[in-house]
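Paired with subunit B in one complex and with subunit C in the other, subunit A is shared by the two complexes that follow.
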Partner chain A sequence: MTSGRVAILTTNHFHPAGDRIIYGGAEKYGLELSRLLLSLGFEVSWWQIGDGWQKEILPGVLVRTLPATEAPFHTIPQLNQAFHERAVDHDYFIYFVTFLAYPQAMEPSISISHGVYWDYPGFDATLNTEADRAEWRRRLWIALSGPRRVVSVDTATINWVAATFPGLVSRFEYIPNFVDVAAVDATEPAGKAPGRIRVVYPRRLTTVRGINEMVRVAEVLSGRYPEVEFHFIGRGHQDEVEKDMMAWVSRHPGTYYYWLPPEDVLRVLKSTDIAVIPSKAAEGTSLACLEAMAAGCAVIASWVGGLGNLIIDGYNGLVIKPTVQDLLTSLERLIRDEDLRVFLGRNARETARAFDLPVWQQRWRKVIQSIFV
Partner chain B sequence: MPTALMSCGGIKVRPRLIAMMTVGNERYRYLAEVLEHLSDFVDGIVAVDDGSTDGTADVLSRCPRMLDVVRNAEPVMPVNEGLLRTQLWTLAATVKPAWLVAVDADEMFEDAVAIELPWLLDHGDFEVISFRIFDFWQSRTHYRVDGAWNPWPRFSPIVVRYHEGQDYHFPALEIHCGRVPWEYRRSPFVYYSDIRIKHFGWANPADHLRKYSFYREKDIKIYGSPTPQTESIMAPVASVRVEPWVQDRSLPFRSFGREETCL
Partner chain C sequence: MRISIIMPNLLLPDGENPVIGGLERYAWQLVALIKELGYEVDVHQFAGADWHRQIYGTDVYGYGMASWSETAALEAMHQNTGAVLYLSIIQAPLRYKPRSVIVSHGVWWDDPAASRDYVQRSLEVCRQALTEAGHVVSCDYNFLNVVRSLYPDLADRITVIPNFVDLTQFYPSAGPKGQLRILYPRRLERCRGAEMFVQMARTLVHKGYDDLRFEMAVDRNHPDRNQALLEATRDLEAVLAVKTYPFEAMGDVYRSAQIVVFPSLCSEGTSLACLEAMACGCAVVATDVGGLTNIIINGYNGILVPPRPHELTRAVEYLVCHPHDRALLCERAKAAARAFDVEAWKRRWRGVIRTVYGSI
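Right after this comes the complex of A and B.
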C-alpha cells in the first residue's frame, strides 16, 4: 500500500533528445526530493519535454516525456496541457518550476521556485513591449496562484512577489537549499601539493554563472601567482563551449578544466582554499555554494539571487558585485591573506550546518504532509 | 588460467578494473605503447590474439599486467566481429572483475584517466562510463571532425560494471557490433566522462586503403553499397576537416605524502 502517486513536471532533467543529462543544482534537488517522497511511501514519476523516450533516474523512478515546442511569454502551456491529460492517474502533483503551473494547476499541487530567473540582461529584450511584459506578469500570477503552496529556495523571490503580487505571498514557504554535511565530512580530500593555493569555480560554463568574468580573472592572476591553481569544474551546454575551455586551459599554466560526478566535486572542494560563485543572474541558494561552505572553503559570492541568504560579507565569505574588477580584487585579497581565508572558511563550515540535508527534509516533509493528504 | 582473485599485500582481492582487447597483427603499430599506458591504471589485461602472424604474441607476453591470452589460429574478425567480441567477453568474464574497460589496440586515454577513473569506479550509481573518441587523421597531432567523424557530440560506452551471472549478448552483426554487450547500450545509468580517448587507427595514411577496402566489401555484402562513412575514408583532402589536439589534461591530485592504496 503506497501513500499515493506523485507526478512531477519539469522542463528538462535531460536534454529533450534524452542523450545528455543536464546535471546541476536543480537536478540534484530533484533527486533528493524523489528520495524523500519515496521514503514517505509515495510512488514518483517525472515528466519533461521530449519525443517519447523514458529513462529511469532512480530505481522505480521514471522520467517520461511530453511534446512541447513553444514557450510563449516564458511559459509552456503545451507541456502543461499534455501533463494534465497524461498524468490524470496520479494523486498528487509537483510543478518543479513555477511557470509550469500556467495556465492550470492540478489538485492538489505544490510548485517550487528555484530563484528569480528574470534578472538577466537579455530577459527584457525577450518581452519587447509593455503589453508583452504585462502578459508575462499575468501568466506568472496565474502560475503562482494555482498550486496550494509555493516552496521558494530563497527570500529574494518571496520579497519580489511581496512587492509585485502582495496577495500571493501567503502561499509561499521558504525552504532554502541543502547540503549533506555528513557526506561532505566523510569525503576524502583530493591531493594537493604543499604550498599550492587552490581556487575553484564549481559551476556550469554559462554566462549567468559568471564564467567569462572568472576566465578573465584567472588569465590575470595565473600570471601573477604561479602557486595558485584555478579549477573550472562543470559542463557547458554546448560541445563548442567545452572544446573552447579545453583549448583555453591548455594555453594557461595553472588552470584546469574538467567535470566530475557531484561526489567527486566534493573531493576537490575538500582540498580547495577559495571557491568562487560569481553568478550574474538566475541564482537561488546555490547548492554549489553550500557545498563549498560545508567543505570549509573561503567563498567569494555575488550578491545575486539567494546568495545573500547564505553569505554574510566578512564573516563567512566575501560578497561582491559580479564584475571582473570586484572579483579580481577580492580573489587577490584572499590569495594574499591566509588568516582571512581560514577565518571565512571556518565560519562557512559552521554556517552550512543550518542548511544540513536533514533540516531540509524535515521542512519539506511538513509541507508534503500538509498538502498531500 | 586467470584467477578471479589478485594478490594485494598478501590479501586476495577481486580485481577492480580489467582491460580487454582484441589484437590482430599489431606488433608494428601501437600495441606496446597501449599496453604500457593501460598498465598505469588497470589491474590486469586479457586479450584475444586474432590470428596474428607478425609476433604480436611476443608483445603481449612481455606485458606484466597480461592475465590471459586466447589465440585464434585463423582470424575471426574478417568473418564476424560479433563472434570475436563474444569470445573476448567470455574470456574477460572468467576474471570476474568489478569493471571492464573495452579498448582497441590503437587507443589511449588522456593522462587524467589515472586520477579520474579510480574515482568514478568508486560510485554505485553508474553501470556504464562513456567517452568521446578522437580519430587522429594522418598524424598524431590532428583529429578528424567533418561529418560523422566529429567526436564532440558522440560518447561511446567503454567502461562497464560487470555482473557475474547476468546474461550478456552482442548483436549478430559482422561489423560495428559494438565493443560492449548490447545490455549496456540500453542502460540508463551512464556517466559521460570528460576524459578523451585518442584513436590512432587512422593516424597512419598507409592503413587507410586496407581499412577502406575491408569496410567497403562488408558494406556491399550487408547493405548493397558502401556507406557514406566508409566512402569518406578516401575523401579528397580538401573535404577533410581536422582540428589540432590540445594537450593531454592532467589533474594535480596525486596523493602527496601519502601511500597509494591497493586497488
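Right after this comes the complex of A and C.
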C-alpha cells in the first residue's frame, strides 16, 4: 500500500544517455525531492520535454517525456496540456518550475520557485511590447495562483510577489536550498601546494553568473599575486565557450579551467580559500554557495536574489555589487587578509549547518503532509 | 558647502516634539555624519505651519503649505536649497533634483491588502526616483532585488548600505535574566503586526503558559492607538504590559527580554530595532518580510516565519520550551550584529557622500 502516486512536471533538466551533461542545482534538487517522496511511501514519476525516451533516475523512478515545441511568453502550455492528459492516473502533482502550472494546475498540487529568473535586462528584449509584458505577467499570475502551495527557495521571490501581486503571497512557503553537511565533512580535500591561495569560481560559464567579471578580475590579480591560483570549474552551454576559456587560461599563468562531477568539485572546495559567486541575475539560494560555505571557504557573493538570505556582509562572507571594481577590491582584500578569510570561512561553515539536508527534508515533509492528503 | 535633508517629519507637524521612529534616528545619524565630514547641514520637512527650530545645533524648517499640497511644499524646499539628500522616496508628485541621493528604507507597498492601483502607483514612484536621482541608497538587498525584477536596467543605480546598530548602547546583559519576557518593540502601525503579537500572547496564556511576561514597548505618535490597545488587552493586563520609553532606555528594555518579536506584515527594511535586539543578545522571531530576511538566517541567528499568527505562535512557543536552542540563537545573533556596527555604516555612507556631493 503506497501513500499515493506523485507526478512531477519539469522542463528538460534530465538528459537522455549520451547527451551533454551539465551538473546543475536543479538535477540535484530533483533527486533529493524524489528520495524524500519515496521515503514517505509515495510512488514518483517525472515528466519532461522529450521525443519519447525514458530513463530511470532512481530505482523505480522513471523520467518520461512529452512533446512540446513552443514556449510563448515564457510558458509551455503544450507541455502543461500533455501532462494533464497523460498523468491523470496520479494522485498528487508537483510543478518543478512555477510557470509550468500555466494554464491549469492539477489538484492538489505544489509548485517550486527556484528564484527570480527575469531580473536581467536581456529578459525585457524577449518581450517586445508592453502588451507582451502584460501577457507574460498575466500568465505568471495564473501559474502562481493555481497550486495549493508555492515553495520558494528564497525570500527575494516571495517579496517580489508581495510587491507585485497583492494577496498572492499567502500561499508561499520559504524553504531555502540545502547542503549535505555530513557529505561535505566526509570529503577529503584535494591537494594544494603549501603557501598557495586558491580562489574558485564554481559556476557555469554564463553571463548571468558573472563569468565575464570574474575572468577580468583574474586577469588583473593573477599578474599581481603569483601565489594565488584561480580555478574556473563549470561547463559552458556551447563548445565554443569552453574552447575560448581553455585558450584564455593557457595565456594566463595561475589560472585553470576544467569541470568535474559534483563530488570532485566538493574535494576542490575543501581545499579552497576563497569561493566567488558573482551572479548578476537569476539567482536563488545557490547550492554552489551553500557548498562553498559548508566547505569553510570565505565566500564573496553578489547581493542578487537569494544570496542575501545566506550571507551577512562581513560576518560569514562578503556581499558585493557584481561589478569588476567591487569584485577586484573584495578579492584583493581577502587575498591580503588571512585572518578575515579564516573568520568568514569559520562562520560560513557554521551557518551552512542551518541549511543541512535533514532540515530541508523536515521543512518539505511538513508541506507535503499538509497538501498531499 | 551645505547639504539639505528633505524628509516628511523629523519633528511632529507643530514643530514641538520629535517623531519616534527609525526614520528619524536615521536622520540624526546622517546629520552627525555629514557635519563630521565638514559640510553644513539643515533639514526641511512637512509641517502644519511655517516654523524654524534649532535642535542640537541643526536648523530644521517646517513648511506649512504641506497641509494642503505636499508637492507645493517640496517645490518651496527645492527653491530654498542647493544640494539635497532625500531621506526617503517621496510619494507626492515631484521632480527630484539632479545629483541628489535618495534613501530607500525598504519596499513599502507590499501590503497584502493593497489595491492593484496602489501597487502600480508605488512602482511608478520607484521608477521615477531611480530614473531622476543620481543615486539611491537602499537599506536592504530586498528593495534592490524587487527593483531588479521590475526594472533590471535601473538596478545598478542602487547602493546597498545595511542599517546600523550602536554597539556602545546596545550590548548584552551581564548577568542571567529572570522571568521569561517576550517583547514587541515597535510602533503601533498596522504593518508592524501589533495585533498578531497580542493574538500570540493570548494563545500562549490560554495554553497555560502562566509564567510568561509580555511587553509592548510602543510609540506615542498617536495616543488614541495606545488607548485602543490598552482596552483591547485588558483581559491580559496581569501578564501583558503596554509601555512607552525614551530611546535611551531601550538598551535596558532589550536586555531584560529573552525573546523579541518582529511580527511585521509588510513594509520592512533592515529594521534598526531588530539589529538592536540582536546586539543585546535576544532571541529574535521575525516574519520573512522585506529586509528582515537579510538579517535573520532562519534557524541560525533567529527564527523567520511567514506573517501568519499560528506560525508566529508556534515559533515563540518553541523558543519558550527549548532554552538551549534559544541560547544558541542569542549567541549567534550577538555575533552577527557586530557586522552591522554603526562604524561600518558610516564608512559606507562617507564614500557615497563624497562621490555625489564632492569636496566641501
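Basically, the second predicted complex is superposed on the first by the 367 of 373 C-alpha atoms of A that agree within 3 Å, B and C clash if a C-alpha of one lies under 4 Å from a C-alpha of the other, contacts with A are read in each partner's own complex, and residues count from 1 in each chain.
Quick note on the criterion: a contact is a pair of C-beta atoms (placed from the backbone, for glycine too) under 8 Å apart; a residue touches a chain by one contact, two chains touch by 3 or more.
Only a predicted model underlies this, so the values are computations on that prediction, with no experimental measurement involved.
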Exercise for review: Name the contact category of A:193: first (subunit B only), second (subunit C only), both, or neither.
Suggested key: first
**Study point:** Touched partner set for A:362, first subunit B, second subunit C, both or neither
**Key:** neither
Practice item. Answer with first, second, both or neither: which of subunit B and subunit C does A:56 touch in the superposed model? Key: first
Practice item. Tell me which partner A:258 touches in the superposition: subunit B (first), subunit C (second), both or neither. Key: first
Exercise for review: Could you look at A:247 and tell me whether it touches subunit B, subunit C, both or neither (first, second, both, neither)?
Suggested key: first
Check your understanding: More residues of subunit A in touch with subunit C or with subunit B?
Key -> C
Review point. Now for A:329: first (subunit B), second (subunit C), both, or neither, which partner does it touch?
Key: neither
Practice item. Kindly classify A:39 by the partners it touches after superposition: subunit B alone (first), subunit C alone (second), both, or neither? Key: neither
Check your understanding: Okay, in this complex, where on subunit C does subunit A touch?
Key -> 107, 109-116, 119, 123, 140-142, 144-146, 148-150, 152-153, 155-156, 159-160, 162, 266, 288-290, 293-295, 297-300, 304, 306, 308, 332, 335-336, 338-339, 344
**Study point:** Sites on subunit B touched by subunit A in the complex
**Key:** 112, 116, 119-120, 122-123, 126, 152-153, 188-189, 191-192, 194, 246-247, 249, 251-258
Point to revise | Partner subunit B, residues of subunit A touching it in the complex | key: 20-21, 55-57, 190-194, 196, 229, 235, 239-240, 242-243, 246-247, 249-250, 256-261, 263-264, 267-268, 271
Check your understanding: If you look only at subunit A, which of its residues touch subunit C in the complex?
Key -> 116, 118-121, 123-124, 155-156, 158-160, 162-164, 166-167, 169-170, 172-174, 176, 281, 303-305, 308-310, 312-315, 319, 321, 347, 350-351, 353-354, 359
